[in-house]
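Reading through the structure tokens given below for one structure.
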Amino acid sequence: MSGLEDLYREIILDHYRNPRNQGELETPPAVMAEGFNPLCGDEVKVHVHVEDGLIVDIKFDGNGCSISQSSASMMTTAITGKSLSEVEDIIYSFKQMMSIHEKSLEGESETTESSTTGLGDLQALQGVVKFPVRIKCATLGWNTLEQCFEELD
Amino acid sequence: MSFDVSAIKKDFPLLSREENNDSLIYLDTAATSQKPQQVLDVVDSYYQEINANVHRGAYRLAEKATTAMENAREKVSDFIKSERSEEIIFTKNATESINLVARSWGEANLSEGDVVLLSSLEHHANIVPWHQLAESKGIEVRWIPLTESGLFDLTDLDRLLEGVKLVAVSGASNVLGTIPPVRILADAAHDVGALCLVDASQYVPHRPTDIEELGCDFLAFTGHKMCGPTGIGVLWGRSELLDQMPPFLGGGEMILDVTQEGFTVNTIPWKFEAGTPPIAEIVGLGAAIDYLESIGMSNVLEHEKTLTSYALRTLTERLGDDLVIHGPDDVSVRGGVFSMAYQDIHPHDVSQVLDDRGICVRAGHHCAKPLMKLLGVGATVRASLYLYNDEADVDALADALDATGEFFSQ
Amino acid sequence: MSFDVSAIKKDFPLLSREENNDSLIYLDTAATSQKPQQVLDVVDSYYQEINANVHRGAYRLAEKATTAMENAREKVSDFIKSERSEEIIFTKNATESINLVARSWGEANLSEGDVVLLSSLEHHANIVPWHQLAESKGIEVRWIPLTESGLFDLTDLDRLLEGVKLVAVSGASNVLGTIPPVRILADAAHDVGALCLVDASQYVPHRPTDIEELGCDFLAFTGHKMCGPTGIGVLWGRSELLDQMPPFLGGGEMILDVTQEGFTVNTIPWKFEAGTPPIAEIVGLGAAIDYLESIGMSNVLEHEKTLTSYALRTLTERLGDDLVIHGPDDVSVRGGVFSMAYQDIHPHDVSQVLDDRGICVRAGHHCAKPLMKLLGVGATVRASLYLYNDEADVDALADALDATGEFFSQ
Amino acid sequence: MSGLEDLYREIILDHYRNPRNQGELETPPAVMAEGFNPLCGDEVKVHVHVEDGLIVDIKFDGNGCSISQSSASMMTTAITGKSLSEVEDIIYSFKQMMSIHEKSLEGESETTESSTTGLGDLQALQGVVKFPVRIKCATLGWNTLEQCFEELD
């Protein structure tokens, strides 16, 4: 199962089996957003509590495939305690990693390798770009987080 | 057995290919079927030898193209036992066929409060056009409930039929495999002065079809699920109805005369075929029918029944409580479509692991979201069988499900 | 000249065939074009190697099919210089594309007394849908007149534009060859707050297309006239408009969600693509575009211009007053489509004699009956040119017309 | 031009160049009907004067291809002076000759040879069945004649 191991790295399966920061937070002070992938039915709810420009707490809850749920779980561990501007950098790097070049339309996927540094464990999700339909799974939690930030403004 | 699957498989180039050194096990015919080389050859030689626009061309090539197309119309007509080939309307897919009925017959004959009765297992193609009429004309869409095992629950049929002008149901479910009691529903519809439309997208490809036995008034199906090309669908309708219906799309072919002031419409079938038809696709559908008939639709049905029994038995025995197969378990009322839940592994993950082993199944809502809601799931893993599948394919599916369980519990 | 017609002819199996020991001289591209082997090969290998239903399939085959289809959408988008591929809607033919605008945009935006301005040389595909709206909503259809030589007569344009909500005109005439002043009409439409639709069925196949230069809001064309398969059409529209328009056909793909109570629509382009798309045909259209681009659309245009001049000169010189060629004689405002009257021999008889010599031309009203009435004829003989035609084809046409005259005056 | 000679027999071209019984009759006593082939634009007008069950006079007028016009012309010469029941036999035989078998759908046309006797010059039109699109041309005048008869009832 060579191709599969690229997608389902051990750390991803670990987050899927043992999700971190699962649950809810009280709103307010936290804000909440719900994300939905209408095509496959995946759902994710993100609660995030921001104070003085810092992520003081974040929880997620959801229903979906291993990729969407582990990506959300890894996201929570990656951003807890970070400042909003640091988080924006992480979101940017993550989305860059997930973005496939035009070239992928010719059948090959290619990531922007350069910008994946600093993502830590999240780099494990890089294998997802080889499976284009799963990219929406991996980014679901992140888009939902961005919705939360829009609530903040 | 005279049904030689290994010979049939060889007719399908994609099934004889090697994918990652495994050959491909295609279990997604409910989405689209594979195509035999015989069909591809006919389409190729159409383009290489007689391609021209149909009708009105006085030169021989155009005549040949017209003959090839109208010849295919006869084949389609015979295939569903219609006696009048002008009752065969070519569309681009089953979805357009159903929309044609909704927009032409529906717009002309339905008004506020009239009811269209659907079943709870319909494909979006047989739901959304009626929702659109609900929006534009205020008709009511009503639903026949299902039993626990995915059969039609007709206990309240009389009440359900109140105010109904059209009963529109699947001939076979693309999710549960259920074969609804179409004849009973068609008769019941006629008893209250309503018509009956059958979405036969999953029916015509898999069993002998006889419109008189079905008793319906409209039948919609789609070429790409029955060994034919994409881009071609069929609507059969009773000529008395089609004759009365206003045209649908406007343009060339469907008119007798056009002036600056207005137009007069052509007779059926052309009245409903505006613009250049999907000529090569129609010819290809004719070739698909030739192919299926060379094998024999009763043989196809027999083969699928046997394989469906085998699959139900094998999957249940091998995977036990880890596997839930939605829908009926009685092969006399179901076809070879299996919507499954495996452990608590998400359908996407199941299909990914299966794909890694060269097994193509679909994960998702199968364009039947209202049914998904009833089943209480967001998605299922669906495997579906056709004439080119065999017991080895089913065994490979069982093996792969097993392996999926192991992979995610490591 | 770098444009090597004899090499091009070899790409087209039907043009290299022998028919009655003569090779075929195909002069009916305005009805449908022939297909190069390159396109047939791509369609074949689609079916043989990656056939699966698109979207939502998680397995690799389905992903490849989706990529192949969306890749073709990009090609179509680039081909007409659109910057957003989601502005490309796949339909079954140009006729459906225009009907889509009439039914979706038209139903939502036009009301009684609103005017749709057409030209007097439109194809039925760009007439009947508007007549249908006249019937259902009471809109007015108005006509831009033509000059004696078949050009647009814009002297009264201001008055013609009163009350107009849409100007819908051909990009090139399928009868007279006329290339209308689309940019002027699009600008004039915008000046009065109207939109502009171009029926580019005879335009896109023959010259470089740039939607921004044309200045229109909708562009409709059809695959089978541009070396592509049958069963595939295109509608391009500005995304601001498409986003606002209600859906057209209802079914799978075009929804985000469906419940028993209603549905929510998907975003463009899928909003307008209900049901299984003509996948192989879309891929084939992509291949046709690759083929045309390998030759270069400016080269195609240049070649056709040269050949059109040659044809006008040769036919006039050789046949003199016996031959009337309708339409403009200035190659800067016309394409290679020649509607002709020869002596007083009926077009059917002319085309019959030509066919006997292996020459395919069309005799009839060419789906433009209002124009026929203006020309005061019931039918014409129409010869039309494409990249695979050469001077020898034109010479053969002149010879054959000569012979036709002799045959009927024996 | 071998195939062509089958279609355009000398007698057909002769009727086309020199149509017989061209013109109109006063109605009443004659009846008149107009036929139209919307696909190719051919038109024909038939005036027929029937007295005591006999065709005493018939004229046609029209606009169309050689086949539609010569067929109408030949029709007028074939039926003048005949009784209505004789005319019905001729119409029947003619239409039989024009009808193509199912088989023609497989690419070959085949006429019912047996019934073409008694058609005289009209047999020259037999070649038309090899050119299916032209059949409608050949039958236009005949269908129009039948419309005239309906007027009579």
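Chains here go by letter, A, B, C and D, matching the order in which they are written, and residues are numbered from 1 within each.
Quick note on the criterion: contacts are C-beta pairs under 8 Å (C-beta built on N, C-alpha and C of every residue); 3 or more make two chains touch, one makes a residue touch a chain.
Source: prediction; values computed, not measured.
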Walk from subunit A over to subunit D along touching chains and report the minimum step count. 2
Partner chains that subunit A and subunit C have in common: B
What's the farthest chain from subunit D if centres are computed as the mean of the Cα atoms? A
Could you give the separation in Å between the centres of subunit C and subunit D, each centre being the mean of its C-alpha atoms? 38
Roughly how far is subunit B from subunit D, centre to centre by C-alpha average, rounded to an integer in Å? 47
Whole-Å distance, C-alpha centre of subunit B to that of subunit C, is 31
Multi-partner residues of subunit D (each touching 2 or more other chains): 39-40, 131, 134
Which residues does subunit C have that touch at least 2 chains other than itself? 56-58, 62, 257, 348, 352, 363-364
So with touch defined the way it is at the top, what topology do the chains form here? Options are line, ring, star, complete, other. other
According to the definition of touch, which chains form touching pairs? A-B, A-C, B-C, B-D, C-D
Residue ranges of subunit C touching subunit B (in the complex, touch as defined): 13-14, 17, 19, 24, 28, 31-32, 34-35, 40, 43-44, 47-53, 56-62, 92-96, 98-99, 102, 120, 123-125, 127-129, 131-132, 134-135, 141, 143, 222, 224, 229-233, 247, 249-252, 254-255, 257-260, 262-263, 274-281, 348, 351-352, 354-355, 359-364, 367, 369-370, 373
Quick one: which bits of subunit C touch subunit A in the complex? Just the residue numbers, please. 55-58, 62-64, 66-67, 70-71, 74, 256-257
Subunit B contacts subunit A in the complex at 20, 345-349, 352-353, 356-357, 363-365, 372, 378-379, 407-408, 410
Which residues of subunit D touch subunit B in their complex? 38-40, 104-107, 131-134
For a test of understanding, state which residues of subunit D touch subunit C in their complex under the given definition. 1, 3-4, 7-8, 13, 39-43, 63-67, 131, 134, 137
